[in-house]
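First chain A sits with chain B, and in the next complex the same chain sits with chain C.
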Partner chain A sequence: MTDLTAICALGATEPRRETFGALTLAERPDTALLSVALRRGAAQPAPLGLALPGPGAWAVGEGLAAFWTGPGQWMVEVPGKADTDVVATFLPNLPGCSLTEQTDGWTLFEFSAKSGATVGRLLERLVNLDTASLAPGRATRTAVEHMGVFVIRRAEAELAVWGTRSAAESLWHALSTTARRMETSGWAQQ
Partner chain B sequence: MTRLSGGLIDRDRTIAFTFDGRAYRGHPGDTLASALLANGVRLVGRSFKYHRPRGIFAAGSEEPNALVELRDGARREPNTRATMAELFDGLTATSQNHVGPLNFDLLAVNDLLSPFFAAGFYYKTFMWPRAFWEKLYEPAIRRAAGLGRLAEAADPDAYDKGFLHCDLLVIGAGAAGLAAALTAGRAGARVVLADEDFRLGGRLLAESDLLDDAPAVDWVAAAEAELRAMPNVRVLARTTVFGVFDHGVYGAVERVADHLPDPGQGVRQTLWRITARRAVLAAGATERHIPFANNDRPGVMLAGAMRAYANRWAAAPGTGGPVTVFTNGDDGHRTALDLAARGVPVAAVIDTRADAVAQGDYRLIAGGMVSDSKGRLGLTSVEVTANGRREWINCAALGVSGGWNPNVHLASHHRGRPVWDAGSNAFLPGAGGPVGLVPAGACVGQGSTAQALADGARKAAETLADLGIAAGQPDLPKAEDRSTAAAAFWHVPGRKRAWVDHQNDVTVKDIALSHQENMRSVEHLKRWTTLGMATDQGKTSNVTALAVMAELTGKGIAETGTTIYRPPYTGVSLGVLGGGDSGAHFRPRRLTPTHHWAAAQSAVFVEVGQWMRAQYFPQPGETHWRQSVDREALAVRAGVGLCDVTTLGKIDVQGADAGEFLNRIYANMIATLKVGMTRYGLMLREDGTAYDDGTCARLAEDHFIVTTTTANAGPVFRNMEFARQCLWPELDVQLISTTDAWAQIAVAGPKSRALLDRIVDGFDLSNAAFPFMACASLTVCGGLRARLFRISFSGELAYEIAVPARYGHALMARLMEAGADLGVTPYGTETLAVLRIEKGHAAGAELNGQTTATMLGLGRMVSARKDSIGAVMSRRAGLAEDRRRLVGLVPVDPAQKVVAGAHLFTEGAAQDTANDHGWVTSACFSPHLGHSIGLGFLEDGDQRLGEVIVAANPVEGQSVRLRVASAHFVDPEGGRQRD
Partner chain C sequence: MLIPHPLLGLRDAQEFTYLGDAALIDRPDPAAGEDAFCDYVFLRDNPAGVHRELWYHEQGDRSWLVVTRNTLTHEILGAELARDVALARREGRA
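And now, the complex of A and B:
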């Protein structure tokens, strides 16, 4: 175990968390991210029994989740394993795939609210996506304030945003500003 | 007070506001315009050019006259239509465009000088001398002819933006829009209904006609309640759809807080981008007026606006005095009837039609026209000419009704050209407008309430049928169905000035003059006279002007044609178009993993694209950046330096065919690279020009890591992805960017090995075990996974070490701590540049998209043993014959500077394009050599070592003698980086 101390994408040793009415925005530094790309002719694997999802979808399994990023390509999320070599860990579970550690290429921010309506209001201010199509279990690549992101609707009232780690500060600013304005405008009460 | 009874205002509450410093009172539901009228205020501003007294003319966004400065201080907003400003407690408004008090404007002298200010005056007068344009003419014209004043302070308000998606966007919530929205909403379609007013209903709010024998507002309220209760319908009041853009995207501004005294922490306005599969344009119509002599006095209004003020806002248009109406159709009579019903005395209705019939108990002058008016600061009487007789009629207000112009503007936004309809004397939306936008109701000539309701419902159902959504027809209320037709009577002939465009002070005479001066095209007419320009967009004037033009040319209006409209239809603040942040967060910025560490060391940062990079690290006592950079550069060459190079692009390339793929991407051979080794690589563009350089490290037989320049990290990855997916899909290759994933730190200098030895976990760094250009995966600092590359940008013994980005900060701190006795020194991009210029390495200034591998001295890297992107094109004559070569440049007089950008000439040759032998690409002071050095491309440069040439900088009048040298100022044999 290294004696170096890691920092979160926002620069502190502890993850940031802010609440805006019923809306909470939290930095999640402990989820590992692994890109998976099928090699030519390989059969689609099912890591730890998880059926990798199809286009636009996110699927959750035991101790991991995955979302589709392109034909034969996925990102696998592994909560609690950010500090580990996920490529080495998952190599046996993902035969025939090219694996690349993406944990620190991205930063995960998660919104939680009490109602899906609040998340819907939030989405229409953040991304140019039809909110109705971003139902629970859907994930897609899009942009927030000119920054590339993956957005995942984990549940009616839970929204995850994976953004570029180096732009974490700008992304947090964009997300928190929108949430704060929703609170001020009385749209974040649920 | 001239407040009538009734109206849609909340009399239980009173609102205090000021206009030109005087206190007034109004009620919730008022606009600034209605409240001013209800307070008996008629004079509200001065005109643009002649500074003529002006009053409220209209009741909506078409208002040309009543432009005010709203609010004060940093929130002062000029040119705000009083008719669109919703009254709030504490509202402050100021009239514009006058010198001295509003009722005694010193610049009203312009009106007396009007013969000199005719159409084209500015174009003809302020031409010579040219030097006067900016310094004298423009400031003077701006002062005399401006409208409101800018706040000249930073906008304190917040703006945001959002995105909506729907099946049907309904633009306008009048009779047609509400019927369309109800039809679509009940059919289950996803609907967005937008209206610029703060209350839904459109003209239904302004008329006294009943719907199903009940007040129209009852039906409007029921419809609104039903729509708001539908989960598939979004109702946006106070929202103006201002433009139609490509692919069914509509721009709309929601005025979220403009009706509040202070938006506080909330958003003032929201820019909505609405992606609609279809849209119904129910924008209604704007009444036109009939120009006559002196028709611009306060008190002269549109007749339909008078009805709106009386019916909706209970405001008498003429300070309680008698009102006359001038009309060419039945519509003017409605005004007379409604005013009389509310107790406003009607002096007369003047109808241009000889066969007009009175529809109530008022005096009708059929076959007449208003030929002049009196009243210095407000109307006192009008002259009526009828049957050869002239008569002056005392009145405090005149309502003018010249027919209705459908609001076709949005339908014109994709160059849809309106079509003249002789039957209704109006332009209707033509073919060729935005795809999927269907006009309905008054904006397509279906202007009676019954027509509008039916047309809205029908168009919505037809439009939804296109989308496969079946919609039934709603039960529509019984409504008035009077003719909205007006006679083709466009202006009252006469020799005095008759205003066509009030906002831009354009008269019938101006149009005649422009015609006389051969401005026959409508486009020329518009620009010569300034008619319909700027915020006005000719809403109340355009068609009338065309009719006057048609009369002058003897052509019909259809043949005369019309100008068309661009977004925005009404003014949109730049703040809301920005829609986000200003200042530090104006655009996203990317921080390196060691950013906070560098900030703590007082680093000075520089923007490199989106990245913020440490430029140099000033130490106490250093007062000039050169002191810091010289110290850093010398420290690297003498000991060891550290630089965060995370920003260089990193692309993970895997797959059975990864080597073959990279062979085709890079000009040089990659597939032969041994595992555990790194190679410098050069990419060409398809046209053969040098594109990007970097390194390619082979971690395994089927696993490479490609690095790119910082600037091209995105584009190179994009190009590689294009090649993978489209050019060679048969290759087994997988790509992903890992730029952000790894913090990469350059460790450079003769003591770099000694420093790294202290942090690696038992890894053999000896030259034999880990030679120049080696790479490896390893662990450092007690088990942290890392990657090490022995590559050098400085020419010194050097490495780049990468760890997961979250550890970059700690690794940098650890290296600093571990290397204290070795003199370890952090360095920034400025030193990085000095070191690479000293070593003669190409960077962005040399790889500028105009240079070739041969020019860079890398011609032999373009392998002839394989094909690669750009290889064939690089051999074409035009490129291959370029004789400029990268050289080093040293001033003959060491005290002189080499200036980047200077052009190179043979000594004694004329300094012109024909003799141009190249240019200086990069230059710096070399602390290692003690003088300025540079790199540049020079004609036959490789043959001219030692020659003295001239670097000319004609812009600054500089000319420096330089000696041509090798580009490698430091260790040209390369021993330092290899040993």
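And now, the complex of A and C:
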């Protein structure tokens, strides 16, 4: 059998990580992603006790998290399980749903800062949304430099961006350029 | 222009793509004949004023909305999920 070398979306064997003042941008290749669509007439399940969130929200449970993507549709994130068959793992926990593995189509970049204000300023520069609507626990699909992304505010000072893997380098460029400019102009000190 | 998405709140119009007259939801019965389909496919009203139209939240949750807009002022008078509109219409007919 052919020996395959697993590489990250940005082309290296190790995930990329860059720091801009108090702001850190990191590639997270280990999180698995799963799309869940509720079938007609089925009751909404609660995988591993996690109540699936409503419109615009993100919810975190034991070993998994989920965000709303449309009526009766969610994405489930499973940290540390990118190299496993998450559909097979979660099929028994999500009765009445159609599951599709999304891990390899997407790439996850995460910002962390020392203060929520820095993440707020980052959002003002990245997305065309009311930044107050992206409070902690909120997630939405929107566009960053014309690329469709999911933006999740995991905590006051933590922001995650899921982008298409084929545009990983372009997305990293958009995110890191914004962060670098913030650092240069003194907006990334906390 | 901001569109008041019924589930997600105010979202910028650049996240949406525009299809046109919301009358497209009302497809004629397959037995209605060629004239009815000719009207459905090719003919549109072009009102100066209040217009109900279909918008697709492409860079968002991918829902279809029925947006009521004044074509003279661009004022948005309301938005509802096209799914709800279609279901209400079907129930009304049944």
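Methods note: the second predicted complex is superposed on the first by the 187 of 190 C-alpha atoms of A that agree within 3 Å, B and C clash if a C-alpha of one lies under 4 Å from a C-alpha of the other, contacts with A are read in each partner's own complex, and residues count from 1 in each chain.
The definition used in the following text is that contacts are C-beta pairs under 8 Å (C-beta built on N, C-alpha and C of every residue); 3 or more make two chains touch, one makes a residue touch a chain.
This structure is a prediction, so every number in the text was calculated from the model and none was measured.
Engineer: Let me test your reading of the model: by the given contact rule, A:Thr142 touches which partner, first (chain B), second (chain C), both or neither?
Structural biologist: second
Engineer: Just to be sure I read the superposition right, which of the two partners does A:Arg181 touch: chain B = first, chain C = second, or both, or neither?
Structural biologist: In the superposition, A:Arg181 touches chain B alone.
Engineer: In the superposed arrangement, which partner chain does A:Arg39 touch: chain B (first), chain C (second), both, or neither?
Structural biologist: A:Arg39 contacts chain B only, not chain C.
Engineer: Which holds for A:Ser170: it touches chain B only (first), chain C only (second), both, or neither?
Structural biologist: A:Ser170 sits against chain B, while chain C stays out of touch.
Engineer: Taking the superposition as given, does A:Asp85 touch the first partner, chain B, the second, chain C, both, or neither?
Structural biologist: In the superposition, A:Asp85 touches chain B alone.
Engineer: Thinking of the overlay built on chain A, is A:Thr100 touched by chain B (first), by chain C (second), by both, or by neither?
Structural biologist: A:Thr100 contacts chain B only, not chain C.
Engineer: Determine, for the superposed model, which of the two partners chain B and chain C contacts more residues of chain A.
Structural biologist: B
Engineer: Just chain B (first), just chain C (second), both, or neither: which does A:Asp130 touch?
Structural biologist: A:Asp130: touches chain B and chain C.
Engineer: Look at A:Pro55 in the shared chain and tell me whether it touches chain B only, chain C only, both, or neither; answer first, second, both or neither.
Structural biologist: It touches chain C, and chain B stays clear.
Engineer: Could you tell me which stretches of chain A are touched by chain B in one complex and by chain C in the other?
Structural biologist: 128-130
Engineer: Within the complex, which stretch of chain A touches chain B?
Structural biologist: 1-9, 11, 29, 35, 37, 39-41, 73, 82, 85, 98, 100-106, 124-125, 127-132, 145-147, 164-171, 173-174, 177-178, 180-181, 184-185
Engineer: If we count contacts the way the header does, which residues on chain B are in touch with chain A in the complex?
Structural biologist: Residues in contact with chain A: 158, 160-165, 190, 256, 264-267, 273, 275, 580-581, 585, 587-593, 595-596, 610-611, 646, 652, 654-656, 732, 734, 736-743, 779-785, 803-807, 809-811, 814.
Engineer: Note which residues of chain C are touching chain A in the complex, please.
Structural biologist: For chain C paired with chain A, touching residues are 7-12, 14-15, 59-63, 81, 83.
Engineer: Sort out for me which residues of chain A touch chain C in the complex.
Structural biologist: Per the touch definition, chain A meets chain C at residues 55-56, 68-71, 128-130, 133, 140-143, 148.
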